[in-house]
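Each of the next two complexes has chain A plus one more chain, namely chain B in the first and chain C in the second.
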Partner chain A sequence: MSGQAFWFLSRATGVVSVVLLTVVVCLGMVTAGRRRPHGESATVVMGVHRWLSLGMLVFLAVHIVTAIVDGYVPIGWLAVVLPFSSPYQTLLVGLGTVAVDLLVVLMVTSYLRHRIPERRWRIIHWTSYAMWLAALAHGFAMGTSDQPGLRLTTIACGTVGGLFVAWRLVASHADRERRQEINAQEWT
Partner chain B sequence: MPSSPDARIAVDRVLCTGHGVCAQTLPGAVTLDEWGYPIIRSETVPADAASLAVKLCPARALYLR
Partner chain C sequence: MTDLLTMLDEAGLTGRGGAAFSTATKVRAAREHRAELIVNVCDGEVGAAKDGWIVEHHLHELIEGAGLVAGDGTRRAVRYAAHRGSRTASLLAAAGLGVLEVPHRYVSSEETAVISAAHGGLARPMTKRAPFVFGGRDSQGRRIAPTVVLNAETVWRVSQVARFGPRWFRSFGTTDEPGPRLVAVGGHVPRPGVYEAAAGVALSDLLSLAGGLPPDARHVGVGGLGGVVLTASAALSTIWDTPGMKRHGGALGPGIVTVWDPYACPIDVAGELIAYGAGESAGQCGPCMFGLPALSQAWGELGRRPGVPAQERLQQRLSLLERRGACHHPDGVARFAASALGTLAAEFAAHADHRCQKERRPHAQFA
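Let's turn to the complex of A and B:
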């Protein structure tokens, strides 16, 4: 494969990764914020949230490996884990690295969820919003201007995700409200 | 496929937030009350179905005894 093919492959898998990541984040918000009970879809949403996050890793791995192997720009293997160590586009590649590091933390803590206090797991899982924003910024700034489709895809992901965040902020918390009601009752 | 051994399930009532996923993944063994919280009809379920249900519980309130 020529170097150019790697470069195209890297951009293609990068944009697929950001789309899949947005879907996973949105499904997580749906699970966290929906009024209950609500039938079969909760199981589907939870299953897709869980397994699509793993499926996204394939695209992300190809995105990272091809960008480095391509060699047209110097990035270096260290930049996979150490943010802001890439000679090429230090800040923008670094945002992608930050997202990868946060993703590793999220994956490991979710895999070990049964061994982590629920409150701590929840706080750690909230960093997925930061991870998603870092990935979006990385994708937006590096989706080069001669390919408006890539940049438009990132903008669309940001818009859809933003709408979900807005919905999540106003979504009711059926369980929490019920617990507060019960707490307010007088014990007899 | 060999029939899987059985497992015993239980719900942590403090963690449960009533998503209703367990009633979907373990039909028959778990039903929901009128507020959407699980009622365990049968503690003993096939182990593979139980482990899937435990993995998919969004509040990780379902566990194996």
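Let's turn to the complex of A and C:
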């Protein structure tokens, strides 16, 4: 494959990764913020959330490998895991690395969820918002700077995700409300 | 040391808080793990009074029993868990004992809730992955040192077994459920109070201790909110032991017999108890924090508009609570509601005809 093909492949998989990641994050917010977890739909949402996140890994892996193998700009294999170590676009590539690192933490802790206290898993899972933002910023500022179509895709992802965040903040949640109500009672 | 364990084994003493677990086994485990001892003096069940009665009348024997159980290898001094602001708590404090004050709430006197409070946490039940006498962790992963909780009557009985021997102990009760037991007889009886009894006596004899079952009495509760309700006639023919109570879906429990006020609507009385149980949820498990209020609501609807749809709704709620919740609080309330539903069938039928025991008395006039 020529260098040009790697470059196109890296861009395309990067954009697909951002779109899939946004869908996964939104489904996660639906799961966490739903008012009434109805049997089947909740299972479907949960299942898609899990499997889509694994499917996204394929695109992400191709995105990372092709970006480095392309060699047109110096990034280096270390930058896959160590943030801000890329000679090229240190900050922006670093944001992508931060997202990858957080993604690894999220996946490992979710894989070991049954061995981790629920509360700890939940706190760790909250970092997915930071991971999503880092990935969006990385995608917005780097890959799509000269392509209006791709840039609009990233903006759309940010807008949709932002709407879900707003819904999550505003939505009442029977479980949380009942817990707060009971927590306010005398327990010590 | 081992002498006491052998004697407890021979005596067959079981926990008097309601769970009826072998005290010898529990004390042996406590000794092995040098567990801290907490004596539960909460009288947490609805209608319970025996723990306070022991503090009032047999405090030095209670302290002696606690000393025997603790031995000399415990990590820290014995503590006595009592409801905050209760007379029992002030009596214990006045005697210079270490008092662990817990809020005056139903689930806060549950074993693991007491342990949580003893370790500086909230007085709410914890998930018991293994008995806390081995030590464990709370839901946040904090370490909980080995701790054993014994009911006040159990501890008092330990001192009696040590003093009078297993043979004396076994001269009370039945072969399967030996030993004297305290029973709080309350409600609509001439002389409510705490009485000495034993398993195997007739419920009518238990009631006689408090002056007998009044002729106008219609319902008798056994075991409080975690127990069952019987009609007065069923109560008079029931033997108070595990087989006898099992026939009505109940157990010996923590020793509570309550005669219901015959001039109050029994559906309302049961409804108030269920609503109380729903309000006492610690908000940790779904079946408890949502299931119990739903059950309470379904009960109220059936009382107002008895009929097949309301009945089915209530049955559905009940079936969803069975064996749910980490501390079995929903299970207990559901058992009580199921028992009341069966026992009060005639009252629900009267409600369907727009009549109620409360309106005219006695209810038999309508028959």
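Some points to look at:
Assume the second predicted complex is superposed on the first by the 173 of 188 C-alpha atoms of A that agree within 3 Å, B and C clash if a C-alpha of one lies under 4 Å from a C-alpha of the other, contacts with A are read in each partner's own complex, and residues count from 1 in each chain.
We adopt the following convention: a contact is a pair of C-beta atoms (placed from the backbone, for glycine too) under 8 Å apart; a residue touches a chain by one contact, two chains touch by 3 or more.
The structure presented is a predicted model; accordingly, all values stated were derived computationally and were not measured.
Within the superposed three-chain model, A:R122 lies out of touch with both chain B and chain C [touch as defined at top].
Shared-chain residue A:R50: touches chain B; no touch with chain C. With both structures placed on the common chain, the touch criterion links A:T31 to chain B but leaves chain C unconnected.
When the two complexes are overlaid on their common chain A, residue A:I182 makes contact with chain C while staying clear of chain B. In the superposition on the C-alpha atoms of chain A, the part of chain A touched by chain B in one complex and by chain C in the other spans residues 118, 174-175, 178. Put simply, chain A touches chain C in their complex at residues 117-120, 174-175, 178-179, 181-183, 185-188. Within the complex formed with chain A, the residues of chain B that make contact are 15, 17-21, 24-25, 32, 35-36, 55-56, 58-60, 63.
Of all residues in chain A, only 31-32, 36-40, 42-43, 46-47, 50, 113-114, 118, 174-175, 178 touch chain B in the complex they form. Residue ranges of chain C in contact with chain A, taken from their complex: 103, 105, 108, 117, 122-124, 139-141, 281-283, 286, 289-290.
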